[in-house]
Every structure is written in C-alpha cells, then in structure tokens.
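Both complexes shown next keep chain A, but they swap its partner, so chain B is in the first and chain C is in the second.
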Partner chain A sequence: MSVLWSAIFLMGGAYVIAVLESWFMTSRFRWLAPVAGLGELAKEPVIPRLSDRVFYESAPLILLTVPLLGFAVLPLTPGVIVTDLATGALFLNAALAYVLVALVMAGWGSHGAYAMVAGWRFLGQFVGYGMLVVMPIAAVAMRAQSLSTTEIVRSQEALWNAVFQPMGLLVFLPATMALGFMPPIDLPVAPGELAGGVSGEYTGPRLTIFRLGRLVLVVTLATAVTVFFLGGWLGPVLPAIAWTSIKVTGVVALMLAAGRYVPRLREEQVLMWSWKFGIPVALANIFWVGVILLAV
Partner chain B sequence: MITGTRQAHPSFLRRLVSRVLAIERRAFVVPEAALAAGRGLDLEAAGLSLVSTPRHASVLVVVDDLPPDLARAAAVVYAQMPRPRWILSVGTPLPEQLPPADLTVDAEQAVLAEGVAELGRLMRMGAFGSQAEDFVAEQLVTRSQYTCPMHPEVVQDEPGTCPKCGMDLVPQETSGDSGEHAHHHGDGEMDHQGGERHGHGNHEHGGDDSSDEHEMDHGGGMEHSGHEGHEGHEGHEGHEGHEGHEGHEGHGGGGFMSMVAMTRDMPRSPDGLAMERFEAPYGPLYPGLPAGLNLTLTLDGDAVADSRISAGNTRIDDLLGLPSPLDEFADRLSRVDRLAPAAYRVLGLRAIEDSGALDRNDQMARHSTSVLERQRIASHLIWLSRFGMLLGLPWLGTEAVSLAARFQRNPGALPVESLEDLVGRVRRTPLLNRRLSGIGTLSEDLLSHATGPNQRAGGVVRDSRTEDPLLADLGFTAASHDAADAYGRLAVRLDEILESLRLVRELGDIPAPDLRFGSPDKRTAQATVESPRGTASVRIDIEQNLVSKVSLEAPSSAHLELARPAIQQLEVADALVTIVSLDLSPWEIGL
Partner chain C sequence: MGQLIAITVFGLIALGFGATVFRTSSMVRSALALLGSMVAIGLMFLTLEAEFLGVLQIMMMAGEMTIMAIFMVMYMMDPGGLGQMDMSHQKRFSKAAGVVAFLAAAAMILLVDWGDTVDEVPAPDVQVHNLGLELMGRSLLIFEAAGTSILVAMIAATAVAIARRE
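Our next item is the complex of A and B:
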C-alpha cells in the first residue's frame, strides 16, 4: 500500500509542480501544461551524430531513477513510506549524488558544445552545494539521534527543525534548488545562455523522460525539505497526508517564486556563496545543534 | 506538410499523441522574435510558445525575409527540428533553401492568431502520414574522403593505400558546400549540431519509434558514420579533441604518461593551466542574440580565450537600389536597419532636408522628433526583452516584447502606465545590480569610441539631441550613469525609456506632414540623428535629382569593435551579457 500511495503522491506532485512552473515562468495558468508536455512523445527521437551512445541513452534514465530511489526513504505519513531504512538520511544523500552523474553524462554524451559546458557547470555547482545538502542533514540527524527519516520527523514533534536550527534550513533550501537545477541556480539548463543546456539535444521520448526525471527530482527535494525541516506530516486538525502535501507545495512555490523574481546568478557568485557563506553557516549550525543537545 | 510529416501509420495512439502535441505549439522563430515585435506582432499572445533550441520546437516561424546567409542557417535549423514539424510563414515569402510553408498568414495580429489556431488543426491531423519526404539541408551533407596521414595532398573517394608511402588512408569528412568543411559550421545556428544529421526520410523505418536506431547503422551514402579520429577538423566538437592527444602516448613508450608531456602542445590560459580549447558558435540565428550576428567563442574551460564576431555582408548600394529618387530615399534607407527602421527614415528625411529639396518646418521637426523617440522606446523594449531572456527573467522577456508589439501596432495609444510599471519592476528586481555590475566594463579608451547609451553609461554625455532647440524647449536631459558596465547600460536605457515617453507625451499627437520635394541646392548633404543605439550619420551625393552615393556611419559598427576586447577572459554567460548589453544591430553593420 505504501508503494501505491507514494506513487500517487509522486505523480500528483509532479503534476502540480509542472502546472506551477509553467505558471511562474509564462505568467499564464494552464491546467493542461503537464499534459501538453506529453506531446513530445510524438516527436522523432534524434541521436546526435558522434554522440557517446551509452552516456546519451542512460543519462535520462538515471535522472529519473535517482530521485525515485531517494523518494523511497521519505515518509509521507507515519505509515506511508516505501522503505523505512535505518540509514534513510544517508541513503538519500547517496542517491542524490547520482544526479551529478546523470547531468555530466547527458552533457558529455550529447556531443555538443553547449551541452558540455552545461554539464561541467553542474559539476562545479554540485561539488559546492552537495556539501550543503549533507551538512544540514547531519545536524538534523544529530537531533533525532537517528538516520531514519521517520525518526527525524518524530524528533520535531515539539519544535520544527526550521525553528530549532534555522541556519540549517537557510543553507539546505538553496542547496536543494541547486541540486534540482531550479532557477535562479539553473546553470546547467540556462535557457537563453546555452540553448537548453544538458537537455538541449534530447528529443522525443528521451526528452520526456528527462523532464519527468527533473519533476520527480523536484518533488523529492521539496519532500526532503519538508521531512527534515518542516516537521513532515506533523500538524494539527488536518490528516497527516494533507500536511505533507501542503508543506511540499509551499516549498515548491517558494522555490519557483525565487526563480521568477531573481535573475540567474553568475557561476562565480553561485560558487562563492556556497564555499564562503554556505559552508561556514552549515558548520556553525552543526556546532549550534551540538551545543544545544549537550547543554539541554 | 510532406517534409515535416513523420512517416508512420496514423494509428489511434499516434493520433491521440499528436492531439496532445498540438496543445502547445512550440516554436523556433527566425530571424528572431524581436523583428516580429517591430512589426506589431506578439507571437506568444497569438498562441505560440517560443523555445530556445530547434530540438525542442515543432514549428519554424519565419517572421521576416531572410538574406541568403540566414536562409542557409534557417535550413539547418529546420533540419535540426525533430519531425513532425511545420513551417509558419508570417507575411513573407520563404527562401528556396526551405521547403514550402505549411501555412502562410499576413503580418497582422488577428490574422496571426487565427493562423496559429489553424496550425493547431494541421498539427492534430498531419503529424503522422504514410508518405513522408526527406529534407536535406545542403550545408549538413557530409561525405567521407580518404587521405594519407603523412601526405595530406593525397585525397580520394575510396579507401586504399597511399601511393607515396603505402600507409593506409584514413577517412575525413567534407561538407556538401564547396568542400570548405570548416566553414559550413559557421552557417549553422547551433553549429555544434551542424555536422550531425538526424534520421530523415528515406532511411526511416515505417511505423515505429526506432528511427534513431539506424542513425548509426546508416554509414554509407551522404551520411557519415562517425569517425572519432579527426575531430580536430570541426572546431566545435572540441570535447572530442582529446582524441588527438593520445598520440603522445607513443612518445612515452607505453609506460607512465607524464602530465607535462601530455599537455605540452596545448594552449595555456592566463593562469598557466593547460586546457582543452573548443569553439562554441553562437549565431547567426541564436535566439539570445540579434539575428545575423555571428559570434564564435573559443572557450578555455568556460572562459572566453578568443572570439570572432562579425555581422552583415550586404552592400549598401544594393540594399538601397542606388541611384534613388529623392522622394523615395528615406523609405529605402529605413529598410537598412530592421531593428530601427523609423530612425533611419528620419535620418534619410533630414539628409534630403539638408540638401534643400525639402523645406524645413516646425510640424516636420516635431513629427520626426516624436517618431524618433517612439522608435527609441520600442527599440529599448525589444532590447530589454532579449536581455531579460538572457538573464533568466522570462517574465521580462515576454512582457517587454509584448509591450513593444502593442506599442508598434497602435502608435496612437501610449501604454504609459504599463511602461512605467515595467521599468519600475526591472529596477526593483533583486540582485540585478550584483549580477551585472562590473560585467563588460569598457575602458576609458574604448569608451571614447562608443556612442549612444553605451557611452553615456560611462558618464560621457555626447548626445546629438542636446543641440536640438526643439528638445531644449521641452527640457530634455540626456540620461547617463557612472559605470560603463552592463548595469550602467541597463540603467541608461531604462532612464531613456521614461525620458522618451515624457517627450512623446509633451509633443502630443502630430499628424504626419505632407512632404513636398523640390530640387536640391547642394550636391552633397549630410544629416545626423541620435538613433536608439547612438549617433548615426549619413552623407549623400546628389546627381541630377537622384541620390547617387551614400556613406553611412552606424553606431553598431563601432560597438562591434568594442565587443571583442570587452569579452576577453569572461565566463560564457558574462560574455553573452556583455554582447547583448551593447545592443548591436547586425543589420547596420558592414554596409
């Protein structure tokens, strides 16, 4: 049952995100936007000449598989979780690391200058922000005394982590946006700069998988923010799944709003903020949580 | 419809999916969407969604006539679009390089919107068909030849051994057009795709989605099967360039390969690192840049190590059809720059005025000033839209171009509030200053060669409008800023939009004056206007009441020279921001 509920949540989430994204990007609200995307299936699947066939074919599949794996360890309600690993938080980190692999493979495999620049850009971006995903999760796990994601939500019953360790949320939220290459940190796709970037050479079913993979990735990341910092399913009156849905939608809306109103950051600034600002804040956060846990 | 249809039996499922495809008409616009806005057309409002790569487009929208080089590039773009694909021509005949349009509509907003709806019907009906013809873009055709590694002069069509040294010949590629295989990539938009072909027509299997499968199998004929060894021929495919360095392993005797030996012949960056260099070609139809601009960046990592930038190859005499009668000259001159036609028309009229063939009067002066300021607003809006797209602010891209189109369509109604609102929103955009400050700064020396907003951004106010008594009466002040970087240029253009808006409102509605042409007093005449891009001036020679010779000084020509030094060693995104912020108009370059 958990698998079914998770799949429904994931598909619903992907749909809502596609609608919201099209709304925020084009200023037009269209219920049909996600459906229209499926029209891409009618298009010819093109293989660029001299492409690295293995990389080119596998990148979209990896991009879809990785967030699915990550999502499997995130609880939607106390009972609904595909697999409640004792090391869930660590597993999520490990899974998300392969987003990098997928994008670099897509960039290299496409055999195009724009795609390749885009792929390497993501490498730099990921190395910086991957750290900012791991470190706040470490602090969250410290408080829960467990790597199990369900335990992490339970540890927030008295106080959400967003309040308990705000510095963690401050770096985790942009880090998830960088990982999901959402504007304004969308260097690897960068419409206007790199003509579609890593996905620029994909067409037809492969492009559909690539876009679906990215939507699922965004759902996974937003759910991760909810689980680790916003108390997951916890909330009064409404049923647990409603609270999860509301919080995930809110997180996505916040991310998309940032993308709409903030111009794309320069690569230099993206990296500077992660290393010079993000890492010290994340370390300070771990220190803060440690002190509180020892003292209280 | 033939060349765009995908060959497959239109089964129920395929018909369903083509209905879904028709919901969103993803379009790639050539020469560029800005030209449509200049003619009062708002493509997105008409129901097209614009995309930035032909790979993601279903419709090729042609909004203006294409000079030969752009027509060739457009054929490449069309070939790069995956089928099913359609061509929508908006009030312009298609060049011979492209297949006939699936739908032709007049250049009017209402007609266009109807046409787009009709296009949706075509998309639903004609996505799949049992008969599909091939489309071959000449520039993309490559053929294999065989050459000797030691004796490059030995070239033959068949594999074999070298008659001089007996070595096996290795394959190399040439393109269809006159064998300049390096050159043809310059013609293609998205040139990194220039060499590739996707599975068209005659080698497509009927009825399944595996048309890609034979892409690699299909090695013979015109298509090339993909050798890895000679990538160096195609500068854009630089990431394969490392293949060339494998040769060094031979020197090392097969053992440990030293880094020094491996990078020995590679070019050095300013920081001393040896890096692969590769070329990223942008243009002439790259959607983020003005159409017609050819920009090739040689990238060292992601920094610009070198660049080539060029535009225009038309001769002004051909463009104007000289000698030209005096009364037609201004209209002909207005066709020179498609991004600022009204400014050039005013320039032409003022030159005729100077020759004495046209009487000066107050109404004419007021009218031409009003026209010029309106052109400035429209031109800056279109620039703002391009800049917004580049910066990842899609709302700005859409709204500015739509406002420009509305403004052009209905010159009587000034969208004062929308304009002020837009300018205000751009100014309030967070982090914009941080994004743009210090990018593409022009040095003092370069600044003296610039003109218009690019120069005024650096605090050097040279504006021919300041000498105009009419504008002095209206209290005109030239906008300026204190930093000659991308932010300064943005700030100046925003100020100019508001100042021009004020001037147009103060001038009020002026009916177009009747032009009565007499005979000129002078053999040569000249005129200057402050066009949206800077000071443009023209000198004309008149013989027997005909304009026989024209020499034009256009702002973009000067700015093109500034672009190259300004983008040196910048990161790709910053280089593009710099180039776009200079607001080059390729049409007025190289005349």
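Our next item is the complex of A and C:
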C-alpha cells in the first residue's frame, strides 16, 4: 500500500513541479504544460555519431532510477514509507551520489564538447557542495539519535529542525538545488550557455526520460528538505499527507522562485560559496547542535 | 540458500566488472566499470546483512570513482580509447605478479583462523550503534590520525597548486 501511495505522490509531485516550473519560466500558467512536453516522445531520436552507447543509453535510466530509490526511504505519513531502513538518511545520500555518475555518463557518452564540459563541471561543483548535503543530514541525525528518516521526523515534534538548526537548512537548501541542477545553479545544463549541456545531445524518448528523471529528483529533494528540516508530516488539524504535500509544494515554489529572481551563478562563484561559506557554516552547525544536545 | 545464491551472483558481477576495467581502452568506461565492481561488493555486504557497511560502500565509491575518471582522462594520451593505442606493457611480469598475488590472497583466506561465526546478526540499528561506539572508542585515534593526515595532504596540494605571485 505504501508503494502505491508513494507512486501517486511522486507522479502528482512531478506534475505539479512541471506546471510550476513552466509557470515560473514563461510567466504563463498552463495546466497542460507537462502533457505538451510529452510531445517530445513522438520526435525522431537522433543518436550522435561515435557516442559511447552503453553510457548514452543507460544515463537517463540511472537518472530516473536513483531518485526513485532515494524516495523509497522518505516517509510521507507515519505509515506511508516504502522501506524504513535503519540507515535511511545514509541510503538517501548514497542514492543521490549516483546523480553525479548519471550526469558524467551522459556528458561523456554523448560525444559532444558542450555535453562533456557540462558533465565534468557537475563533478567539480559536486565535490564542493556534496559535503553540504551530507553534513546537515549528519547534524539532523545527531538530534534524532538515529539514521531512520521516520525517527528524524519524530525528533522534530517539539521544534522543527529549521528553527533548531537554521544554519543546516541555510546550506542544505541551496545544496539540494545544485544537486537537482535547478536555476540559478543549473550550470550542468545551462540553457543559453552550454546549449543544453549534458542533455544537449539527447532527443525524443531519451530526453523525455532524462527530464522525467530530473522532475522525480526535484520531488525527492524537496521531500528530503521537508523530512529533515520542516517536520515532515507534523502539523495541526489537517491530515498528515496534507501537511507533507503543502510543505513539499512550498519548498519547490521557494526553489523555483530563487531560480526566477536570482541571476545564474558563475562556475567559480558556486565553488567559492560552497567551500568558503558553506563548509564553515555546516561545521559550525554540527558544533552548535552538539553543544545544545550536550548542554540542554 | 537464497543468501548464498545472491552473494554468488553479486560476486560474479563484481568479477565481471573487474575484468572489464582491464579489457576496455576508454578511461571513463574503465573507471566506471570499477565503480560497478565496487557497487556489487556493496551489494554483497547488504546480502550479508551488514546494512551500514553496504550503503556506505555504495555511497563513497560513486564520488571517488568519478573523480578518478577525470584524473585518468587528464593524464592519459588517449582517454577515449578511440585511437587504437596499445596501453599495455610488461605483459610477462604482470601475468606473474597477478598469479603470485592471487595465490597469496587465496592462501591467506584458507590459512587464517577467522574465529567463530556469529549465529545471529544484530539488527541494523544495533549495528549502527555499535559501529559508532567503536569509532568513538578503540578506533578513535586511528581515524583522527588518518583524518588529520588527509587534511594536511589537501592543504599541501592546494598550496602547491596555487600559482606563485610575481
């Protein structure tokens, strides 16, 4: 039953994000924008000459599979979680790390200069902000005294982690946006700069899978922010699933609004912010949580 | 029985990817085949109910092997393997070294007394708890020393990489 509810939530989430994204990008609200996007399926697939076929074919599938695996350990309500692993928070990190592998495979396999540059660029950035995904989760797990995502939500019953450890959210949110290559940190695909980047050589059904994978990835990331920092399903009056949906939608809207109103960062700016600002803040956050847990 | 079949299958997958590492001329394929092999080993950990170790293995290797791929691309003359360049050398020595290393590893597996096996695997959350106590207790010094030396190496590498100002 949990699998069914999670699948419905994922599909609904992907649809809502596609509508919101088209709204934020084009300033026109269209209910059917995602359906129109499916027209790509009917287009002729063009395969680049001398592409690395193994990488080229498997990269979009990996990009779709990985967030699905990550989503499996995130609870939507107390009972609805595909698998409540004892190492859930770590498992989510492990799954997200393979977004990197998928994008590097897509970039290298496409046999195109822009795609390859974009793939390696994602790697360079990932080394910078990868720790900013892991370290706030470590601090969250410190408070919950557990790596189980359900326990992490329960630990926030008195106070959300967003209030308890705001520094963690401050670095975790941009880091997840970079991991989901959302504007203004969408350098690996950077339309207008790298001609589509890693997805530039993809057409037809493969491009559709690539885009679907990214939508699912964004749902997973927004749900992760909700579970780790915004108290997951916790909230008064309304049922648990409603609170999860509202919070996830709010997080996605915040991310997309940042993409709309903040200009795209340059490569070295992303790296500078990650290393010189993000890492010290994430370390300070771990220290802060440790002191509070020991002292209070 | 199911556990035995699963661990055999994952072991064979690990060996297959391991062989691919040397059979391909493309540096990125080679590095990612090694990643495939490491993931299969992680799955073997999971089959053996070592949940934390399995997930950790799968997580750590993604970044490490991809970073290795870019270094291999940077240093090799023909990273794509499209130029038909023969990259092997000292074949007789390599074969001998390979056989010797295999025999040594096999002898170690057979000769070492591994102690008694545990009848019941602790629950995953107990494993995490015990690992944490181990890291903060007996193994603390080793990990602190390793961490500090890696940090020093990183600072040194950065210092070397920065161009000297005239």
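By our rule, the second predicted complex is superposed on the first by the 296 of 296 C-alpha atoms of A that agree within 3 Å, B and C clash if a C-alpha of one lies under 4 Å from a C-alpha of the other, contacts with A are read in each partner's own complex, and residues count from 1 in each chain.
The working rule: a residue touches a chain if its C-beta (ideal position, glycine included) is under 8 Å from a C-beta of that chain, and two chains touch if they have at least 3 such contacts.
Here the structure is a predicted model, which is why all the values come from computation and not from measurement.
Colleague: Chain A residues in contact: does chain B have more, or chain C?
Modeller: Of chain B and chain C, the partner in contact with more residues of chain A is B.
Colleague: In the superposed arrangement, does A:Ile246 touch chain B (first), chain C (second), both or neither?
Modeller: A:Ile246 sits against neither chain B nor chain C.
Colleague: Which partner does A:Trp120 contact after superposing on A: first (chain B), second (chain C), both, neither?
Modeller: both
Colleague: With the two structures laid over each other on chain A, which partner does A:Trp108 touch: chain B (first), chain C (second), both, or neither?
Modeller: Both partners, chain B and chain C.
Colleague: With the two complexes superposed on chain A, say which partner A:Phe55 touches: chain B (first), chain C (second), both, or neither.
Modeller: Second partner only.
Colleague: Touch test for A:Pro184: chain B only (first), chain C only (second), both, or neither?
Modeller: Touch status of A:Pro184: first partner only.
Colleague: Considering only the touch criterion stated at the top, classify A:Val19 as touching first (chain B), second (chain C), both, or neither.
Modeller: neither
Colleague: On the A-aligned overlay, A:Leu90 touches which partner chain: chain B = first, chain C = second, or both, or neither?
Modeller: After superposing on A, A:Leu90 lies in contact with chain C but is clear of chain B.
Colleague: Quick check on my understanding: which residues of chain A belong to both its chain B contact set and its chain C contact set?
Modeller: On chain A, the overlap between the chain B and chain C contacts is residues 50, 108, 120.
Colleague: Which part of chain B faces chain A closely enough to touch in the complex?
Modeller: Within the complex, chain B contacts chain A at residues 6, 14, 17-18, 20-24, 44, 49, 51-53, 55-56, 58, 82-84, 127-128, 190, 192-193, 195-199, 209, 211-212, 215-216, 224, 226, 228, 231, 236-240, 278-281, 286-288, 299, 301-302, 389-395, 397-399, 429-432, 434-435, 571-574, 576.
Colleague: Touching chain C in the complex: which residues of chain A?
Modeller: Touching chain C from chain A are residues 50, 52, 54-55, 85-87, 90-91, 93-94, 97-98, 100-101, 104-105, 108, 120, 123, 126-127, 130, 146-148.
Colleague: Quick one: which bits of chain C touch chain A in the complex? Just the residue numbers, please.
Modeller: 26, 28-29, 32, 35, 51-52, 55-56, 58-59, 62-63, 65-67, 69-70, 82, 123-125, 127-128
Colleague: Which residues, counting only chain A, touch chain B once they are in their complex?
Modeller: 25-27, 32-33, 35-50, 53, 108, 111-117, 120-121, 183-184, 186, 190-196, 200-205, 207, 259-269
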